[in-house]
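Below are two complexes that have subunit A in common, paired first with subunit B and then with subunit C.
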Partner chain A sequence: MLGELVITAQGLTRYFGRKAVVHDMELRIPRGSVTGLLGLNGAGKTTTLRMLLGFLEPTRGECQIFGRNSQSLTREDRARIGYTAEGHFLYGWMTVRQSQEFQRSTFPNFNNGLFTDTVRRFGIDPGQRNRTLSRGQRAGVSLALTLATEPELLILDDPALGLDPVSRRALNETLLDFCDGGQRTILLSSHLLDDVERVADRVAVMVHGRLLVNTTVDDFRERVAAWSLDLPPASRACESIPGLIQARALGGRTVVTVADPDQETAAAIARLSTSEPERLSVTFEDAVIAYLSRSRDSQSFLAHTGA
Partner chain B sequence: MQAIVIKELRENLRWLPIGVLIIGVFVWLVTPTGITYTQASSTDSITLSCSMGAALFAVLLGALQSIFDLSDKQRGFLFHRSVSNNEVLYGKVIAGALLYSLACAIPLTCLAFWFAWMGPEYLPVRPAQVIPSVLTCVACFSLHPATLVCIDRPARWFGTRLLPLIAVATSLLMLPLILRSVTTSFGWFSLAIYIAFLVAVFCSLCADHWTRKLLLIVGSAVAVVFCCVFVASCYQSIQNRRTPYVYAQIGLDKTGQLWYYRFRQVRDENGYDTKIVPLSGEPLLANTRPNLEATLPHDFVPSDLSHLHAPGRFEPQNRFASIDYFSNWNTKYLFYDNRGQMLLYDMNAQKQPPFLGVVTKDGFHAPGEMFGPKFTINPFLYGMSLAASLATEGYDRLSLGADQAGIYQFTPKSGAITTLLEMPIESATMLPAVNDDAPRLLLLSKGNFHLYELVDEAGQSNWFEPAPKDRQYVIHRELPPLKLKELAAFPAPPKQLSELASIAMTEDGKFIAVDHVNTSFATLKSSSDTEWQVTRFVSPQSQPEGIDAIASAAVVPIGTLFVFVVSSVVAQIMAGRPPLTQLEASLPSADLMWVMIVVAVVAMLALAACTYWLCQRRGLGRGTTVMWSIASLFLGLATPLAVVAIYPKLVYEECPSCQRPRRIDRDKCPGCYAAWSSAPPVGIELLEGQALASRTDLHLV
Partner chain C sequence: MQIHIAAGSPQSIYRQISDQIRRLAATNKLAVGDAVPSVRQLAKDLVINPNTVAKAYAELVRDGVLESQQGRGYFVARRKSIFTKAERLRRLDEALDMAVSQAITLDFTQDEIGERLQLRLEKLLPPVHRTE
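Moving on, here comes the complex of A and B:
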């Protein structure tokens, strides 16, 4: 059971010209969850977030936040949503304090104390001009501005992009603190899989504009399995494995990653391998990369094999 | 919204010095310096220059305030707030207005203070002369929201994105005409329309407001007209280079017969006019369409008819304004401005600036003394015409002048001004000299013509000496002190001829008047006669012929039908004429009429069909499609352009069910009603609650 849904999307589709960037997306995000939206560059993550926030009109389908169509979000709805765009945009001519003042005057629930705490965590001087901040500091200010509005839903577009490890850790800790009560929802897109694994309890993976994964992190880990087979590399025989996500060559053998393996999968693997197939442990990162590798046509083994 | 305004102010305050600099430079260009002392002080020059700077800054500021919002990051940061999109845009406009006001106010206030400081002793200027500039600057600010709309609305830069800006910029070009005509009820009506248009521009900031569509329609119409005019100008220019320019004119022979004759202007290889060759002509008769095939008489010497000036045409309207009408009065220069001041300058004087004083009906006044009975209109506009016949005989060109209250003689050497006649004058002209007699003055007053002879103080007319026929030099002779002797008074021609007409007197004392649009003439047998005989004829002067006629029949409905008709009617109303005068004059000849009608109808139907197809492609409903198709009959080519600008382009894909094209934004196919089928699963979808039941029973390891 997903409980109360904060974000829903039905048949959400967006074309740019004749190219479908987001295709027929069905998305449900429950209250209190932290969802990592993963995908390669161009997979449609940012487009999805822009549609959810009402900045971009869907070509087809619709999406709702707090039960209201994204295209008709009111100022009250927006006050309940925190959004940080990719790159942590801030007005360079403002100081951190001026940014705080600007945000406070346009969000009714702005929490000065929370802002100050968050900024302090990133070690930022409030009198500093935004243009003089490092990338990590800018991320901290941006996050502080967003969190201080005390949103019920936080949407972050690649918040950890270009951050050093210390800033990333601070970012993750801040996010974990933010959703500590269990009533706040976070949807973040990212390329940093370990951060997502650390912070998120749900994962959504987009490949070529389609949402292939949308489940809990634990469920995702459990439902993806991998075996090492005694097969020559680049063999097309792997295509017959049901639920095959990816097949790659590794040390003269072939590693296959499979979704939702069952008896049929087991039988197919047993048939292909001349020796006993070796079950490999699959980490979250392995599983995600297996999905994302399908996007890389030039590098994907599946592309060569026609899968 | 207050926070947005403050943020915009602080963010864009850096552009204020640039705005002051831009507008200041444009204002500085028209401050009185050097040889431009006279023209520079005119309100028109200040207003024009200031409005150019203000318009430039308004567009620049609007672009700088919004162009960065095209970035998704910045747009997301700014627009995702507990304020509506409209509040953000209006906040930008308010902040822009404050900065723009300051940028305009600083240079204009400086100029006004400078005018006050210099005073009329130095130059005939006063601070109120900046008021028109202030009004124009206020109007020019409409370019700012128009720029915001251009950037805010999704369109291609090389496509229809700039249409709102084009519409507003064109409306600004109309503003001077509207302000000039504001003394009439039509002028007030135009001003009301203009103000409503400005309000519509501000309303169009809301993306879903109907005024945005209106702005795009106006912009489309303007763009199409500009394109048509440009193409027509290019075509005309090429034609003129290839073929000698031929034009027609009405002239009078010695017997009093009116002729419609044709000239050919021969150009040299550099494109300059070299000589004019008369071609052929035919006498004008009632209801005739001259075909110009007849031959001119051997002794035909064309003489232009004297123009009767429209009453009040150059009457001062805006007393705070100053628009110079330049006149050369001997070695000095006279300027009549819209305040009714006749200003005298001497460019050869050592004094700088060379402002000498003010000329009024009672004589000359030193600088600073702006009093005395003013001329009701520029006397030299009449004077130029009145003295034209005298000037051709070597007399001073500006020796006679007239306004609506009388006739005046000017004596440049002494600076004296003599009132020759005091009476209300509606129109005046000088009839050319006949048989070496002095030209005669013809005045229209209270519905009657009054014919005067110019006599000297002794009452003799023999003061007049025609210039030698073989003179090789320019003669400058001063008129002796003159008087006017009334010879006759007789009724004026019918109204349509008397208001705007050319008139001539033949050797045998017959009067002939021709209206300016060349559709009729009237004759009076002699000054003792009481009734004019009016004759209508059809002038081919403005009628297109042959291929040009057919081409114009096709082009006019396609491009400019609406604008052509409306502008023509408006122009006639503003000129105080019947609204359809110009249209009647441009009707084609009978043999071409049907061809033009057929071509025009075909072109209009083709355009309506094109609009219909375009509306269908844009997915509009039946009612809207029909409405636009009908609108194309009135708006011409602007209609399909407006459809393209207003409605987004649709993408079609082949329907998987029926293989026919279907819109990608509709859930169901209009042909087979099939919904879009979901993409086939690839077998690796991991969605919550859809796990395979058997996956827990694996025995693979």
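Moving on, here comes the complex of A and C:
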């Protein structure tokens, strides 16, 4: 159902000291997909990406890229992976064109045309020194340098951080153009939920080091539902609702968000509410926020489903 | 053909696209045989994932609104009844229930609602449908 898998992980776990930053992660990412990796700061997104790339050893479990253990990726494997770290590091004293030459000297298949197109899309003059670039332009150069190596798999750590609306659009267009054709795969972490909804077809949500959601964007939306209940906000009674993701107070009532509601869920909700519970519509953002703001010990998972 | 989509809406992006094309076809702003943009083109225009457009088109083909012609793209299909009479009635009732309950909450009388409905039918339906 998922086709060829480009990224896989089994029981992937990483401790820093006594803290499990990534906990028992199962991950499968199919070729041709654009996956948005979402989570609060500190949820374990960067640690996960660094383990996938082989930069960091897992404490337990393992992960593979192109079917090969991340800890033993060869030069050839690495040449098929593009990665931009958070913050878009560039040498300030180089011009954009010099950065291009520098990158080209290490990547024989460097695509000059693709570099120039991407840089142009971000409104950058190749003669400019890197240190004079705006944050959005720096993101553009850094992305162009990575894309021009024509990787099959692109891993981006928060590429949209601090970008203005025009650069965000340029980023979205560049990513969609890049995976046009269905053979290239993108995994990007982000906090911009609207952009992820547009550009990604899969969504992965991490909370406190655990991967709670890993499915298609549409499946995610369809399987998360919300009701408004006539129930005093402070009540802990909601915790008994099967599939509960999050309960929060709203105007003297309680709004509950649940995963995969069934008759049992509906019955539990009807029992708790003193009047008829009201079904609410759920946006992609609502569904993500419900997961991100849930309490540490609630138990609803939406993982590894959908093609 | 102009389509507007918004992220962050209660309606998924693929649903926004399929609803708008359905509406354009129903009101003859898209005529039978008209081409719609390719999946790639529409995805590019709207800056969205092509799979989202593909999903909308697949649904429209399944429901008989569009047809795909090998190698040529997607076209507005001749309207066929792919649903049974009972199913069509069910869908009609569902749509009317929603509109009527809205109208009642807005404090309109039966006559006013009927009159507005008649006006819309005259505006939207081509003459051939009306005489039938």
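Please note the rule applied: the second predicted complex is superposed on the first by the 294 of 307 C-alpha atoms of A that agree within 3 Å, B and C clash if a C-alpha of one lies under 4 Å from a C-alpha of the other, contacts with A are read in each partner's own complex, and residues count from 1 in each chain.
One rule holds for everything that comes next: contacts are C-beta pairs under 8 Å (C-beta built on N, C-alpha and C of every residue); 3 or more make two chains touch, one makes a residue touch a chain.
Note that the structure is a prediction, hence the values are computed from the model and not measured.
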item: Room on subunit A for both subunit B and subunit C (clash or fit); value: fit
item: First, second, both or neither for A:Arg18, with subunit B first and subunit C second; value: first
item: First, second, both or neither for A:Asp262, with subunit B first and subunit C second; value: first
item: Between subunit B and subunit C, more extensive residue contact with subunit A; value: B
item: First, second, both or neither for A:Glu285, with subunit B first and subunit C second; value: second
item: Subunit B versus subunit C as contact partner of A:Glu239, first or second or both or neither; value: neither
item: Which of subunit B and subunit C A:Asp164 touches, first, second, both or neither; value: neither
item: First, second, both or neither for A:Glu197, with subunit B first and subunit C second; value: second
item: Subunit B versus subunit C as contact partner of A:Arg78, first or second or both or neither; value: first
item: Distance of closest approach, subunit C and subunit B, by C-alpha atoms in Å; value: 13
item: Set intersection of subunit A contacts, subunit C complex versus subunit B complex; value: none
item: Partner subunit A, residues of subunit B touching it in the complex; value: 2-4, 7, 10-11, 71-77, 79-84, 651, 653, 664-667, 676, 678-679, 682-688, 691-692, 694-695, 697-701
item: Contacting residues of subunit C [partner subunit A, same complex]; value: 7-10, 12-14, 40, 43-44, 46-52, 55
item: In the complex, subunit A residues that touch subunit B; value: 2, 11, 13, 15, 17-18, 20, 23-24, 46, 50, 53, 55, 59-60, 75-76, 78-79, 81, 83, 85-87, 89-91, 93, 102, 105-108, 210, 212-216, 219-220, 223-225, 227, 242-245, 259-263, 266, 269-270, 277, 279, 291
item: Interface residues, subunit A side, partner subunit C - complex; value: 34, 169, 172-173, 176-177, 180, 182, 193-195, 197-201, 217-218, 221-222, 281-285
